[in-house]
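In the two complexes below, subunit A is the common chain; its partner is subunit B in one and subunit C in the other.
For the complex of A and B:
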């Protein structure tokens, strides 16, 4: 009889079973990849600041903001198993609410974020009540349809600037004189925001709530026979995803000084899904890598050719064929094997 | 003794098809009650009506004196009524341990859904107990989808029991099992009833198994109750013999 403690099998999450003899806590591959991402981002910020760069710092901030949107897609797609094709609805809504608050009420970062959070939660609740009645393709199409409707309404509303959107949004005051107009300062604020989102989501995934979402993805029907109403969990996840997307969107006008109806268009929703799939669905850190890599590529390739969609499209197809679990979904188990092998070597010595 | 489960005049209709018509029976606590009948007799529909999977058109279901007619499955579990499935219905992409943990989490209700899992010690203890009881300890870290059919059937029952229900509804527990596995399952079910005092209602195709195992048998035929009684009474019933067309009872 093998006991779990002595067996060398790796769980499906690649979780290393820590033994009592170890003094340092052992980090899993997923943790190392997360550390790598955030350390890399800090290093990038430091270099950019030293070189006095603005363009790439702003681009990186934008990548992180879209990373927040990707996290919200991953919560739905990677955990609950719902494919949202209209997540830009909440992202764009957040951007508009934040822009209106900053322009008309106050330049407070926290007020803009707070009002956006409230709006996103309500919109998420309404959208969720409509969308999560359906599953699979139907859910995807309903979420797509909702986003289409709202983007057309905004596009045709003169008070919201119609097709021009809202321009001249003042920069937001964060604290201690840090302002969203400071490229390096705002980069750090957004990085901290995304880092906090990541940590909270990662924590939640190892609580009964998070595991219930996994259960719903694998076999929703059985969940109700285990004493839980899957509907409530799905609605909760949908509202949470709306809030994450909305708050990420709220950062956009602070960075760029404008919002436009394009933020709600399918392009944005579709890119978010691609970022998640290329990065690694269900890995949480993968979508952040995906957003960073693809936002960078779109911009860099876009400066050489207007046909950058072709490059992104080919890359997407290649990743889906060669690494169906995405870059991080592929890298995590490989790194975990390497870490385990190295540890075994050390212990045997 | 008061019945733990009492079904009165229950009916359900799918379009023109009357799947279950005016069926009434009672199940006693701590006993094994079986529903048998030929294919299409309405056994599974009756089962789905009791377990909340479908709503009855008319009639009532009482569990331990409380009216639970048409309650959703997750509500029925709060009363202590759990069910297993004929077609194995597990979380195939999750490990065996996690399948059981999800089910055992019911025991931690109201203790905070946002705590780390390591704090759910009641659930963890229950999972450990079940792994031992169902001889799945050395499969604990395997994905449920990789288990053999017999192991999956065992896990299926273990998952249904994780919440410590008072009554278990078993839908064809030995479906597709080898002879040896069937014998094992039979003694397992008997043990649950005799040693743990669990009330059991099972729907079964295997007439021999039912006759050996059950305290009380309900025979269904064309959506209606044909007969009921102890296995010996049912076996002697000419209407039952006719319905089974000479199948040896």
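For the complex of A and C:
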């Protein structure tokens, strides 16, 4: 199993050490970091429930939801090498579709999620057909433009509540009497959702399809020389990313009870990219760490000043300059070295 | 027949002239973007924020009692210093890594986030108004046009011509084009490439700043003013061809004309999707844009 860190798209490649040592069948550093994340989240949920807290539980749920958006960005940036600057388009679309379903049709969690999935797939296909034609920076700019245009249209459409968005979205019924209005129950549901997403993505990345995406990022020309059509894989990844972002967005109105056009704005797309880069591009678990850490940081800094963007922005610039592989991108090889050293010690003893 | 003439005179012509005054500013923005990309391969995501800073600098300088004309001269100089420092202090640090495209884009995006919030801290989030320095209107073709818009057109037009001459008719421009064409060869011929990079970035930022000053009295000044405006500049650069000066000029004037003429018929809400649709169509037909890059033209 390969450590995802060894295939980070930016910065120097992961180095021979991480790749070579990760061929072992034992649990890799990436797995340990993933276990740490989800165990930590469960522990957090347990403590919050015991203390009867609502605010931090809701905040953590929001962090996980934005973590889903970050995962979709990581799929495109870390795997295919496409930088999406407008992923909030699909996140916001999912949020609106889910809010409309919950408000007008039924309060079923599964119906809302299913309808959102269908809409996201169609939107992803349309968006992909437009954006995938472009390469590199052109793709970044076109995805930026797509989101900017659609958010403006939504902002000015009275049927969708214009600048106010849709308020008073009823909470969603999930199953066994669990409702999205229960802070701890919904936290667990979202955690399970994100966990499943992570596992599926991680599994997919080790299949031939995932390797094909890696190959496209590394050298797209060579992939077409080998008789494969990169376009189909890129489009597939784009649609998948749109579905992930859309379904994550679908959870948002269930948590907060409203949607607003701000969810489609550049700020959301930008924050998702920041979460991915700070956490570690291409590591899959890094974006989740990034979302958790930065959502927490935004909340903490935000309680002192309304200008938390400048703090996050400075942090982001420093990460890009000083450690472009992100927190997990550096932590994984370091942890792996430590694990290997310990294992060797044991074997030699 | 007379109906058509009247429509031409009273509906179409004023719309086109208004569009032209915006178009000149858009071209200045796009020139900055395209020159920076042509030479450095850097997509400057902070370009819109530099435009906003130009407008705010004008507001701040005018508040000290300075005249608009001095502000118009001083702002680009200050902006050039800011651009120079940004290039040397930040962009150069990631410039030599393998994934330069992505890293510099992310870096300038981070700079944009910081600058936008800095503007909010310094000036507040509410829109500010700037008084037009030239009042009154001039009669042309039986219609009155605000003098300030005419000034923007003439001044901006002269500036664009100046940029053109500078890049294509001076030895300084030849150095920049040579560095864009082959960095290593230019360096071995004694061109101080690092300095040329920083200087070019500063120049592009200064152009964005001037566009900000020029449009400040026409639009209101607010911290996110760059976000909306930079999208059209990006479209212009993509359609014209990344790094092409000719392309930025033609596409800039064409797109702003399309925008202002279409606003006669459709709600302005739909003018962005329209421009974007044009961009997508052009990209399908010519993925590299209409014209080639800086060093090759």
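One rule holds in what follows: the second predicted complex is superposed on the first by the 324 of 349 C-alpha atoms of A that agree within 3 Å, B and C clash if a C-alpha of one lies under 4 Å from a C-alpha of the other, contacts with A are read in each partner's own complex, and residues count from 1 in each chain.
Just so it is clear, a residue touches a chain if its C-beta (ideal position, glycine included) is under 8 Å from a C-beta of that chain, and two chains touch if they have at least 3 such contacts.
Values in this document were obtained by computation on a predicted structure and should not be read as measured data.
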item	value
Partner with the higher number of touched subunit A residues, subunit C or subunit B	C
Partner chain in contact with A:226 - subunit B first, subunit C second, else both or neither	first
Which superposed partner A:204 touches (first subunit B, second subunit C, both, neither)	first
Touched partner set for A:215, first subunit B, second subunit C, both or neither	first
First, second, both or neither for A:316, with subunit B first and subunit C second	second
Footprint overlap on subunit A, comparing subunit B with subunit C	9, 11-12
Subunit A-facing residues of subunit C, complex	43, 90, 93-94, 97-99, 101-103, 105-107, 109-111, 113-114, 116-118, 120-121, 227, 231, 234-235, 238, 242, 267, 269-270, 272-273, 276, 279-280, 283-284, 287
Residues of subunit A defined as touching subunit B within the complex	1-2, 4, 7, 9, 11-12, 203-204, 206-209, 211-212, 214-215, 218-219, 221-229
Subunit B - residues contacting subunit A, complex	51, 72-74, 77-78, 82-83, 85, 89-95, 98, 101-103, 105-106, 108-109, 113-117, 120, 137-138, 140-141, 143, 159-160, 162-163
Residues of subunit A touching subunit C in the complex	9-12, 77, 83, 85, 130, 133-138, 140-142, 144-146, 148-149, 152-153, 156, 266, 270, 273-274, 277, 307, 309-310, 312-314, 316-317, 320-321, 324
